[in-house]
Every structure is written in structure tokens, then in C-alpha cells.
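Handing you this structure, nothing more for now.
A, B, C, D and E are the chain letters, set down in written order, and residue numbers restart from 1 in every chain.
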Amino acid sequence: MSILQRDQVWPFLVPREVKVDVSHQVILYIEDLSVSFDGFKALNNLNLYINDGELRCLIGANGAGKTTLMDVITGKTRCDSGSVWFGQTHNLLEKREADIARLGIGRKFQKPTVFEAHTVLDNLELALNTHKGILPALVARLSAGQRERIDEVMEIIGLQQQRHMLAGALSHGQKQWLEIGMLLAAEPRLLLIDEPVAGMTAQETERTAELLTSLAGHHTVVVVEHDMEFVRSIARTVTVLHQGSVLAEGSMDEVQNNRDVIDVYLGESA
Amino acid sequence: MIELRQVTQHYGSSQILWGVDLNITQGSCACIMGRNGVGKTTLLKCLMGLLPVSSGEIRINDYPLHNRPAEKRAPAGIGYVPQGREIFPLLTVEENLRIGLPIRKDKRKHIPERIFELFPVLADMLHRRGGDLSGGQQQQLAIGRALVIEPSVLILDEPNEGIQPNIVQQIGDVILRLNEEDGLTVILVEQKLGFARRVGKQFHLMEKGRIVASDHMENLSDELIRQHLAV
Amino acid sequence: MSLFSLWRQRDAKLTATWPVVVAVFAMALLAALGNLLIPESSALHVSTYTVTLLGKYLCYAMLALAVDVIWGYCGILSLGHGVFFALGGYAMGMYLMRQIGERGVYGNALLPDFMVFLNWKELPWYWLGMDQFWFALLMVILIPGGLAFLFGWLAFRSRVTGVYLSIMTQALTYAFMLSFFRNEMGFGGNNGLTDFKDMLGFSLQADTTRVVLLLLSAVLLIVALWSSQAILRSRFGKVIIAIRDGEARARFLGYQTERYKVWLFVYSAVVAAVAGALYVPQVGIINPGEFAPINSIEIVIWVAIGGRGTLAGAVIGALLVNYAKTRFTALLPEAWLFALGGLFVLVTLFLPKGLVGLSSKFRMTARKLSSYSSGQRSES
Amino acid sequence: MMWIASVQPPSYVSIHSNINLLECRVKKLMFFCVLCICQAWPAWAQNEDASVNELLQQLTEARLKDMAPILEQLEVEGGEALLPLFHGLLAGDLYYLKSDHTLVSVTSVNGIDQYQEILSGHRIESLSKQQISKVRVNNTLRGQLRQIISRLQLNARQPDLRYTAVRSLLSELDADTMATIRALYSGEQDQRVKAIMATAIALYSAESAQDDNERVAAIGQLRNSLETDVRNALNRLAKDDTRPAVQSAARRAVADIEQRVAWYGRLDQLFFGLSLGSVLLLAAIGLAITFGVMGVINMAHGEMIMLGAYTTYVVQLLMPNAIDYSLWVAVPAAFMVSGLAGVLIERGIIRFLHGRPLETLLATFGVSLILQQLVRTVFSPLNRQVATPSWMSGSIELNPVLSLTLNRLYIFVFALLVFGLLLLILKKTSLGLNVRAVSQNRDMARAMGVHTERVDALTFGLGSGIAGIAGVALSQLTNVGPNLGQSYIIDSFMVVVFGGVGNLLGTLVAAFTLGVANKFLEPVTGAVLASILVLVFIILFIQKRPRGLFPQKGRAAE
Amino acid sequence: ADTIKVGVLHSLSGTMAISETTLKDTVLMMVDEQNKKGGLLGKKLEAVVVDPASNWPLFAEKTRELLTKDQVDVIFGCWTSVSRKSVLPVIEELNGLLFYPVQYEGEESSKNVFYTGAAPNQQAIPAVDYLMNDLGVKRWVLAGTDYVYPRTTNKILEAYLKAKGVADADIMINYTPFGHSDWQSIVSDIKKFGSEGKKTAVVSTINGDANVPFYKELGNQGVSAEDIPVVAFSVGEEELSGIDTTPLVGHLAAWNYFESVDTPENQAFIKQWHQFIGNNARVTNDPMEATYIGFNMWVKAVEKAGTTDVDKVEQAMIGIQTPNLTGGMAVMNENHHLSKPVLIGEIQDDGQFEVVWETDGLVAGDAWSDFLPGSKDLISDWTTPIKCGNYNTKTKTCSGQNYGS
């Protein structure tokens, strides 16, 4: 077994522990961020600070720029101006997606994206927080610890049954869960979660809420969601985006009673 | 009005629908509910003709649909709002809406104003690519697009997924209005109980590819919910 | 049960290579023995013609394998893989050319014939060292590998994908074709390199040499199959498939997808190049025609016919199509294109998964039948 | 060259065309006109000059080598009156009866040869090809004939003829000719003719005047002329003239002229580039639909072009006497033939492959093999002859160093026209919208009531039909053979991809960019290297813009 | 065997099918004819046709197939030099016999190949002589497709022209890719080159398909044969049959045969061809004549040797004479090349050539050019005692021969 646990034999196989300097408590600095598409301003001088270990809810009208914000943080979209820092030392705007991911920023997409031709198991394996280089990948075997981790995750997302099923054959909701599972397997510092409970039943929603709350502390979690009940159940701080900038920030109660927020987002009866 | 009899369906060798019987009357608003993966979407796709049924019959006003191709079903008056919106991403909002014009009975050449009344955002976004819109905007576009063909039945597959609360509200209002004022028959797949209760008149609970309970919405008891919707 | 069968099915893709390995080896061995041991008078004698033909097919199979590795598993459709094959071939051709030495028609020990009569005075620098077998072998790998690295690095880094990539590979091989047609390039222009005499001192016209080359092709094909399989089964392979289905997702998991793609591309190019290097001594000529885009498209077609995404499929496809071509061109010289074209159309229409798909279809039915008889024991 | 004037209305650009550039039939027709005119000149026909007759007799018997002096004699003896004969000889339309060496002309009217005695103008019935023999000429004689005709036409009635006559004499000015020109100069009314005569006079004195100043003055007059003969003469002077004043004047003049020539040279290149671009555009535009919009990797696209070209051939076979109109028939016919073939391919094969774009490559490749072999079987593997209508032959000469070939010009315009039309169809009809919807989300399109099958068939038919039309145009430029399609398929894909798949405008810009780039490179690097460089350029460009010149934008395209 | 097998190795598909299919038919016609005459050595001839599909390695493979599987006694085949080069090692290894009927660049002589097409000195040199002496050409454009035949021919011509005192500045050399179809710039360059006052001619070694667009462009840009004649070595009646020739009238070609030559043999041949192919519009051309000569020579040689054994037939071939279609007798020389007359023709508007010049007697094909430094000392002689394809007359050795040693 020790031969198979190669990550203990060769140093280059040991996952790099990335240092994120959070000496000021803040793990994510977003300042004056602007993004435009063909002249349309999706983000407009946005300022946002996320503390280390926080669980932050991000709400806002459809098209307010929440997904775009995540795109910028994860390196998918280039911004026009502004800065995005991960801790004190990592300027995210200079990095490519893969590097950002390896810094420990994980992301769940709005539309669930999983590797359809892989089994649920393989999906999780690929997500594991291991060395992502080429040579390690050629020789990598699952270590016992990793197996355990996968089983754990499998348990959490409730897909043990589907373990060997191709991910492409899962239903929409199952894919959502799998993607969350992949996030968990990767054990990132910062989780960006775009609409996790869309298409989930009430109970599942509850479970997700529990899960996210339990994650906070060890991990920093940013959740985008439109399901107010869900938000209410997990929220400590809520940030409301509108037309690319922050409209309001505060506790759920504050936000809920904010006139502007009611006008542009919540509607009267919420 | 819409009648499904013993509909079964397979993906390859795995059977998804197991003899679904469903009866939806004119002007009703039927809400289909069930856990993830029980086959709701599959059922709607069969209804729309996007998936072939393995056996069984589907009729609209006694007109058999199950042996017609999808493109013949829309003119028969079925509007479809799929799960995941399925906007034509590279067409502009306007073009997305225009697609359905030719099959309208009145052969209108213009997008009915009504759509923009219901969804004012669309009017602002007329010349942007459908794919660029945010999720919620796309959802509104998808409903608008289905309404362009002036359907007599509107099929909605989780229309509120990812929609901001006030719009959810609004969509609910729209569905109610269409259903009550215009007499549009609505088939709705919905996970959120609150919404389902608000707009639905009947419910049909699905489990493992079968309809296991159907009744008026008022009769949707906690017991039933626990039995069929809880995890 | 359905879960189990899904899992089985996935694995089946990779395990199904064994019958092919065995078949290839057996075929090569039988041909070798039949050629060398059975006297020519016997009906069982395998002619040198057949041996050479088989050798050629095996090279093509290797080439198809190279294409399948990137197309079937990583979704990179290269319509210009002939470029690596041909470059490998040219490197080998240059070595063979230098081996001719004084036996060329002009008796010039240094310059190949085509240089002499086009009045070249000295050997161009890029021909230096090619008289050494090890150096030539190194070039067989380095040049195509380097080109693949350069091209892949440029293309994948700037995220050229899909048809854009395919057409660029086509442009690449086309550009090479035009360049090699130029006599000034010093590769013999249209006529290419030919009239080879021997390799490592063994006459290329000797039956034993041919047989050895055939066996070598078979062995290397098997090695390529095995190594491809190993690569694709490793986590590297899983990442590759992940990239095919969701490159963005893979990137957000921290995989530098472009590196994975580049190295797979390089691997594939090297396999193609080795195939080319084996091909040249067996067919006796290498010329710019090998760079023709149409040739590269044909490779893709072998793979598709055999069944893409299965290593065995690529090999079977290449062997079968080329065998069909050989037969058709002799049997129906005026109508073989109808037959071949028709074959392509029919296979696409009726065997969407290629010939291998057909076999797994059989296997499925067979399994169904047997499971009926043996009382559904596969329930687990 | 009066007939030119009758075919092409005189305009501010003069239209010149060498006689042997003209379509055979037209030539014969023209010759016929000349004959008619000659009958209106009874002076010669009746006033039979014995020596002329004898010379004519000799003409039929002499060996090619000995004909030059006979022609010279004829010019002197017969003069202007013999022009029709010279024209006939030049065109190779002059025959004689084997029996008695009477000169006859042969004209083909509606495919039936008609024979006419040249001296009397009598029609001769019931002659067969076997009874007559051609009066042979070769290149040397043709050159001589041309000079003779020019000299004789110096005082022709049509200004155009006089103009050409003077121009063609520029290369061989001698004292006699000069005398004639000088004599005619003062009386000349036409400005253009007068100007060229002035050039001739200046040219002559620049080289043969005794006085330095006269020479310098003449050179000064010549510095605006672009005539090659002038340039050659000036070059000679600049190189060899011993008088410093003359030499330096010549040098300056040459420099002036060279500069202008270089400028026109670039214009010329631009035209070449645009013209190559229009060919690429035509070839690619059908693919821009089948591949760009529908997403079918259509390897049989080239064969659709080929079918169009063969249709042109068949149309010309069917209407051998109306070649001039054949293209008008061929364009719609080719559209129908290729379009229909396209519909068949779509219905028979491609529709089963939706959602499997790569497999379309395989199937259409098969189709392409079959189609190639089919034309090989039906039409033989040889190239087929497609004639160029007379109105597409020759060139418009804007000035002596810049002329635009007509066929290229027409094809350029045609390409733009086809492009515009296509754009209109796709923008203005529901087909355009539907096909894009279908290619983006087939299921949803069906759910919206779009008849996807019909849309597919129509679109594929349209794309193929347009490829067919391209074939008609290409038949005017290149071989019509079974390999025609193969030679354009790669270029077509390159153009579509370079422009950005799915963007018709991109295809247009890409085609012209590649065309012009190629043509500007070619003089510097040679044709082979130019093509290679263009390919390398495309490869590198795609690294910069991985989705072509005009990429599809937006979230969905990522 | 009870039949004598004749292999036919011409591409019936792919790019070369355009040219080669005709030769396949010619061989079939000759075989037919011979069988009507009662066959050969009392046996029937049997043609074995294969399709190497314009794919050069396939030529080698098919040759091997013909020789080992079908056991043919002789092969008529190949068009391009590269296909011949591809076949060469195989035919030598298996000691077969190939008749190659197309003009080529020379620089080769194999014991197993008979070259019945023209060597450069049977086409290019006489053509240049004609242009220089009869037309007074002073400036030369050597335009060719970028590959070995044009390169070699032009090398030879360049050396030849320079030897005749032509200055560097008066020679323009231009190469184009295969199948080049856009000739605008090149024709315009030629026009410019030719407009400098000296008589200019183009010597074209442009290959195959590229010719049609080339000539069309010449016509359209108004380059007429009197101004700048083009003499081509690869354009014959068959190529012209695919072009509207009106604008080409007066341009030239140099060959050993033209269909228009009026001899009884030729008339008979044309008639026979029309009958065989069932189409009176089909033309004949030089490679057909070369095939005809080659076939007849082989028949004679087999009769003379009394066997189809390659070695015997090879020796019997040398010195064999058969009638040319243009009159006179063709002779097979010791170097496996023919002695043939060289003709120059002007294109007529009916697609035929009018002979304007011809050599006084026969020109012997030269395997090794006297104008290339590398080969001027080489000769080929397959008779004893030399028995060598590349014999160096200076060193008196036979360099690098595969066979014979």
C-alpha cells in the first residue's frame, strides 16, 4: 500500500499548501470593479469585502451581475477596471482560471456542469484537492485517505447509489448535488456557489442550508440565491447587488426592510 | 382536454415513465410535483414530442398527438417553456420571440404587445442576444416566447428556477392571469410548494415515473407531501 | 443492475483492446512465418507482397490510433495529422537516403541524387547527422513532437477549439505540403525521397528485412496501444476525458487544461511520427503527397469507421478500410470509389459507433440471451 | 476594328481587344461584316488587278517561309482595298478551293458552314470541308499582318481604328510611316487619335532628331505617356544616348513614368487581389451556409461546385449556337442541379446525423468520392471544354499599363451580387431566422413549430445551389473536370473559418483579405511561398483571434 | 500460364486520372488488336488493370501486386515521374518490365524500364532552338510547376541558353504550385517582361490542370502568340480538348507526335482509337503514341526472343524498330530511350496542332543530360560489355547501380 501512496514518496506529489494571507481578516477584496459587454455595464464600480470564514449571501435582481462577479473572481471574465485580491498577496486579475482554482477558490456554476462521460465517482476523484500537474496525474492512484474523503462526500450528497453511474444520466437536481460534492471534495478556501437550490425540493433545500452553514468557519462561502427562505435560513450578512453595484448590505432583517431592495428585488409580499 | 394514457418511456434500456395516466381539463392549472429525477421533465418532453413515447397515447381535445412530430404539436396549441430555458443563445431577444410568429393562426407579422406588457424587461432587451441575458431574464423570455404562438395549453417546467422573488411573484401573477382571464390551460412542474399552492388548481404527484396522487390543490395534505416530496 | 452494466460498459471500451492486440500479433507472426518458413511453392506461403501490405496497414493502424487518442478521448479533431506521420517518414527517409551513399546514380557519396542533378554543391545543414541511425530516430521523435508542441502550445493556449482547430491543423499540413513540394527545400520536391537501399546494413529488398519490419510494426503498434491505454486509464486520461466534456469545469477545478492537451497532442504526434518512420522503409517512398490534407481526412475516417473513442476501433478501422481499398482498387478499378464512398456513408448511417459499436451490440444481445438462460445472475 | 465599336458602345474608357482574343464565332461574324463592306467597295472587286490576282494565287501555294514578301507586295499593290483579306488571314478564316485555288471564306451560321468566294462575294453551295484547304499563317506572319493592317488603317473612318493603328505602329516607326502620320496629324479631329499621333511624332523625334534641344523637348512631351514603346525608347535613350542633356532628360522622364507605372502596378495588384478574393468568396459562400450556419462539415461542397461547372458544360452543349447567352441559362440551371443534389444529400443522409456534426464529415466525404467518380463515369475523366462568351473575353484597357480583364471583372461583380442576394434571403425571409434557430437548438425550434426537416433541406439546398452557381463562374476561369471541387474545398473551409464561422460578412471580408494578401505577396515571394505564407498567417491569426475575424460574441459562444 | 499477362498501371481516379485513363484505354486497345492478330507466341494477351489512384506509394504496392500476385509479364504504366520513382525499386527488385510513355526529366536509366516518352533533349532543346533561330527570340521566360521535371528541364535550358550567350537578365524563371489556378500576377509579370522591346517567348513546363487557367489568363490579358509565344511541353491535344482554344491560336508545343500529322499509320491509328473508344471526338496525343510504340516494340521483342522472360526481352528490345505514327521508324537505343523525330506545332482553333517545324532526322533520347554538371559524363548502355545505366565515361565505372553487378 505504501507504494501506492506515492504522494508520500515524492515531494512533488504532495499538494501544495497555498498560503493565503488573511492577517486583516478579509479574504477577498473587490474594489472599483467594472465590467462591460459591448458597452453594457454588467458591473459598475463594485466594492465588496468578504471576511475569512464568513458565509455571505449575495442577492440581487436577475441581471444584477452576480454571476458576472463570480466570473471575474474565477478568471473567466476579464474586467475593465478595478482590483480583485485574494488575501493580501494574490492579485486574482493576473491569474488564469486554473491557477485561481489552485489557490483554493472553488465554484459551482449556475447551470450545473459536471463531466457527463465520467461516473459520479470519477467526477469526485477529479475534483479532489491533489496535485493537478501532468506527471502526477499519470501515476496517481487514490490513496486510502482520498477514498475516505470521497465516501464522505458521497454520503453528504446522497449519491452513493449512483456511484458508478455516468454523470450525464443524472437528473437536473442530482447534477446540482454532484457539483456541490465536487466542490466539497476540492476543499477550497473560498467557495463561490451560484444558485445551489434551484430545482431542489424543500427538504433538499434545507439540507443544503445545513451543509453550507456547517462549511462556514473552515471555509469562506459566498452564496448567490433567489430563494429567500433559504437565504433567510443561512444568512448572516447579505449583500444586495443592483445594476452592477452594491445596493445594500447588512443583516437579513435590515436588507429585508430596505425600501430600495423591496422595490427592485423582493416585491411587496416577500 | 389533454389526456395521457399509459404512457411509458425509456432512455435506452432504462425505463423512466411507467404507464402514466393523466387527465387535464380545459382551463385548469395542473401542477405536477415530485422529487428530483422522478421523470417530470421527461413526461413534459413526451407531451411536447421531444422524446418519443415507447407506448401509450397522448391526445389533445381527442386529437391524437403521440404519433405527430413536435413541430405539429405547437400549432395544435401547445406552448412549451422548458426546464433550463433553452433560449436560442445567438438570436436576439426579438428573434427569439419572432420564431413562433408563423404558426399563429392569425399570421401576424409582429410580436404581440401583450408580451411586453407581461414582461417589460424584454422590451428593453430587444436587440441583445438571448444567450447574454441573465438567468431570470432568459426565463421571462422563454415564457414570452411560448406565449407568442397564442397557445391554448401552456407547459412550464420549473419556471421559477433562479428567478428573483418579485419576478417569481410576477410570473405567478401572469400565470394566474393567463389561466383565469384568458382561460389558458396550464401544466406546471414546480418544486416550491408556496408557488404551487398559489397558482395551481390541481396537483399530480409523481414518483418513480408514475402518477401516484392527483387531486385539487386544497387537498394537498402534509401527509402527501411527506410521503412523496420529502427526501 | 443497470448501474452495474453502465459501469461495465465504460470499462469494456478499454479492455476490448486485448483481442485486437492478440489478433495483430498473431497475424504478423503468421505472416512472418508463412513468408520465411513455408516454401514459395506451397499454397500456404505468404508472399512478400502480403507481408509488405500488412506492414503498411499496421503503420496506418498506428496512425489511426494516434488520431483516436486525441479525437476520441480529448475531442481534438486533427485534420492534419498526416503532417506528423509524414515528418516522421521524412526523417527516416533522410536516413535511408544517406545510407545509399555511393550507390546513387551519380555515385556521389555525400549528396542524394536529386541534389546532384539540381546542382546542389553541398549537403544542407539540416541533413547533417541524418546518416546516423540514432540521430535519425531522435529526429523522428523530436521534429514532429516539437512541431506538435509548438502548434499545440500556440493553439491551446489561445483556446483555439473545435472546427477552428481542425481547420488550422489542415492549414498546417497543407502549408507543409506546399513547402515540401518546393525543390528548394532540399527534400526532393514532388518526387520525394526514394530508391532506398538498406537500413542498418540490411537490404530493404530482402524478405527477412521486410518480415522484421512487419514484426517491428506489430510490436510497436501493440506498444502504442498499450501505452495509450495506460495513459487513458490513468488519472491523466480521466482529466483528458473531462476536458473533452467540460473544459471550463476542468479549469475551474485547477487543471491547466492546455498543458494536458498539449502533451497529449505531442504524444499523439509522436505515435504518428513513429508510424511514419516505419512506413517509409516498407513502402519505399516518402513524398509531399503524404502531407495532402485529404490523406489526413482519410485517417479520421478510418477512426470513425472503426469506432472513435475506442482504441481497438481505430486499429480495426484502419486495417479494414485499407484492406477494402486494396481489394477494391484491384477488383473494381473503375468503380472502387463508389464502393468506398458508399461504405463511408453506410457506416455513418447504420453504425454510428463504428464497427466496434457493432460488436458491442452483438455482445449486448449475447449477454442478454445468456443472462436469460443463466437466470439473471448479473444482479448486483 | 470597327466591329469592336459595334459590340461595345464607346465610352470614356476605350475598349480595346486584340482580334485573336475574340470569341471564334464573333470573329467569324465580324469577318462576315467586313466582307459585306468589301462588297460595297467595288473598286477592287471589279477592277481586277492582274498582279494582285497573281499574288493571291501565290498566297495559296507558297510555303510559310516564303509568304512574307508576298504579303508585302500585296500591301503595296492592293492597299486598303485588301484589308478584309488581311483580316481574314489574320483570323485564320481564309480558305481556298483545292481544285482551282479560289479564295473562299467560311463562316458558320447556326452551326452550318457557309462558303463564300472572297473575290466576287458569291455564295458557293454544296462545298464540303474536304474540298477546301486553309491558307496557313504562323506567328511571324500574323505579326506582319498586324503591322500591315495598322498601316492601312491609319486613315480608317472610325477613330478607334485609327487610334489602334497608330498605337501599334509605335514600336516600328520609320520615316515613311512618320511622314504619313505627320500628314494626317493636322487634319485629325479626334482628340485621342491626335494625342497618340503627337506621341508618335515626339517619340520619333526623341530618337532621331538631330538637334539636342529638339530631342529634349520631345522627351519632355513624352514624360506623360505610359505607352510601353515610349518607355522602352526612353530607356534606350537614358542608357545609351551620348548627349548628356538628352540622357538626363530621358532619365528624368523615365523616373517619372516609372513612378506612375508603379502606382498603377499597385492598383493592378489590388484588382488581382480582389478578383482572387471574389473567386474565394464564391467558392466559400455556399459552405458558409452549409457549414457556417448549419454546422454540417460538408466535404462534398467542392463537388457541388463541380456539378455547377458541369451544368454549364451541358448547357453549352445544348445550345452550341448561343454561347453568349449560355451563362444566363447556366446560372439558374446550376442552382437547380446542385441545389437538388444538396436536398437529396440532406434528405438521404445528413438528416440522420443531427447532433453528430463530426459524422457529417465522414458521410459527406463518402458522398464526395461517389460524386467524383460519377462524373468520371458519365463525362469521362477528361476535362470538359467550357467556352467563354464573347462579352466576357478580353479586357478593358484603362491605360497602357492598367487593364482589367473582363471575365474577372464580371466574376467580381457576380460574387458580390450573389453575396448580397444571399444576405437578403437570410435576413428578410423566415428561412434565415429558422435555420439559425434550428442550428442552435433543434429541439426547441421544433417545440416552437419550426419544420426543422424542411428548413434543413431548404438550407442545405440553398447552400449547395450557391455552390453550383460558383461552379458556373469557376468554369470560366479554370478546368472543368472531376477534380474541380477538390481544389477549392480547402480554401473554402479556410475562408469560412478565417472569417468566423456563422458570420457571412466575415466570409466576405476573409475572402478579400486572403485574396489581396496573396496577390501582394506573390510578386515578392513567388506564388508557392505566397500560398505558404498566407497559410502561416492564417494559423497565427487564429491564435490571436481563436474564432476568426468576426467571432460570434456573447456568453453562449464561449 | 496459358495467357500472357499485360499489367496496366495507370491512375483511374484522383488527380492524374485526367491524363492516365486514356493511356489505360490505349493499352487495352493494343492488347485487343494484338489478340485479333492471333495473340503472341500463340497465346492470348490478357490485360490486368489496377488503379493506383494517383497515390504514389500505391503505385509501388500495385506494382508488387501485379508482379507477384498476377505474375504479369510486362507493365505499361505511370505518368508522373514520382510514380515511376516509386515503382522503380519494386520493379528492379522483382525484375519486372515497365514501359514508361511520358516525357520526363531524364537522369535515369533502369534495366527494367523502357522510356518511350521524350527526354529533355527530345523536346526542350529543339523547341528552344526553333524559337531562337526561327522566331528570333531574345528574352526567355521559363515558367513551370514547382517540381522536378520543370526544375530539371529549366536547369538544362538555362545552361543551354547561357551557352548560347543569353544574358541572365534576359531569363526569367517562375515556379508555381501544383494546380495553380490564379495566374493574374504571373501573366501580368510575363507581359511586363515581354514589353521591353526584345522578342520574348515563354517556355512552359506547367503541369496538368494549371494549364487551362494559365492559357485563359493569357488570352484575357491580351498576350497573343505573335507577341509572346508560349511553347509548352505538357500541353497536347488532350489537354486542349478541355479548353476553348480560340485565344490560344498560335501558341506552340513541342512533341514527338501530333494528331494532325497526315500519315497513313496515323490515320489508321486514329480510326482504330475512335472505334475502340466509341467516340469520334476523342483525340490522340503523344503519350498515346509512346504507348503504341512501346507496345509494338515489346511485341516484336517477345517474338524475337521467343519468350516473355524479362532478361531476354530486355536484350531483344535494344535495336528494335517500329514505325512511328508520324512516319519513319522509332529505334530503341542501348540506353532504353527512343530515337524519335521532334515536331513543333502551333495551336489551331480546332484544338489541333499545325506542325511548323520538325527536326531533320531522329533525335536520340539522352538519359543523362549533357548540360547538367553532375551528369554530363554519364551515359547509359545496357549492352555488353558496359551493361550499366549510369556509366561514367571519365572514370570508366558504373556508379551505384542496383543491378547488373
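Definition applied: a contact is a pair of C-beta atoms (placed from the backbone, for glycine too) under 8 Å apart; a residue touches a chain by one contact, two chains touch by 3 or more.
Listed by chain with UniProt protein names: A = Putative ABC-type transport system, ATPase component; B = ABC-type branched-chain amino acid transport system, ATPase component.
Treat the numbers as computed from the prediction; the structure is a model and nothing was measured.
Trainee: By the touch rule set out at the top, what is the minimum number of steps from subunit B to subunit E?
Mentor: Each step joins two touching chains, and the minimum needed here is 2.
Trainee: C-E or B-D: which has the larger count of contacting C-beta pairs?
Mentor: Of C-E and B-D, it is C-E that has more C-beta pairs in contact.
Trainee: From the Cα centroids, identify the chain that ends up most central relative to all protein Cα atoms.
Mentor: Checking distances from each chain centre to the full centroid gives C.
Trainee: Can you check how far apart subunit B and subunit D are, centre to centre, with Cα atoms defining each centre and the answer in Å?
Mentor: 62
Trainee: How many Å are there between the centre of subunit D and the centre of subunit E, using C-alpha atoms for each centre?
Mentor: So the centroids are 31 Å from each other.
Trainee: Centre to centre, by mean C-alpha position, how many angstrom separate subunit C and subunit D?
Mentor: 46
Trainee: So which bits of subunit C are touching at least two other chains?
Mentor: 178, 181-182, 248, 334, 337
Trainee: Which residues of subunit E are in contact with two or more other chains?
Mentor: If we look for residues of subunit E contacting two or more partner chains, we find 12-13, 146, 175, 177.
Trainee: Which subunit B residues touch at least two other chains?
Mentor: Residues 14, 132 of subunit B each touch two or more of the other chains.
Trainee: Which residues of subunit A touch subunit C in the complex?
Mentor: 74, 76, 96-99, 101-102, 106-107, 109, 113-119, 122, 125-127, 132-134, 137-140, 161-166, 169, 182, 186
Trainee: Residues of subunit B touching subunit D in their complex?
Mentor: My answer: residues 48-50, 69-75, 80, 82, 86, 88-91, 95, 98-103, 129-132, 145, 149.
Trainee: For the complex, which residues does subunit D have touching subunit E?
Mentor: Going by the criterion above, the answer is residues 17-18, 20-24, 27, 64, 92, 136, 138-140, 142-143, 146, 171, 228-229, 232, 235-236, 268-269, 272, 275-276, 279, 372-373, 376, 380-388, 393-395, 403, 405-408, 476-483, 486-487, 518-519, 522-523, 526-528, 531.
Trainee: Provide the residue numbers of subunit B that touch subunit A in the complex, in ascending order.
Mentor: By the definition above, subunit B touches subunit A via 11, 14, 35-37, 41, 83-84, 121, 128, 132-137, 139, 158, 161-170, 191-193, 229-231.
Trainee: Mind listing the subunit E positions that touch subunit D in their complex?
Mentor: The contact residues of subunit E facing subunit D are 12-15, 17-18, 21-22, 135, 146, 174-177, 179-182, 184-186, 188-189, 195-197, 209, 212-213, 216-217, 219-222, 224-227, 229, 238-239, 241-244, 246-247, 249-250, 346, 348-349, 354, 356.
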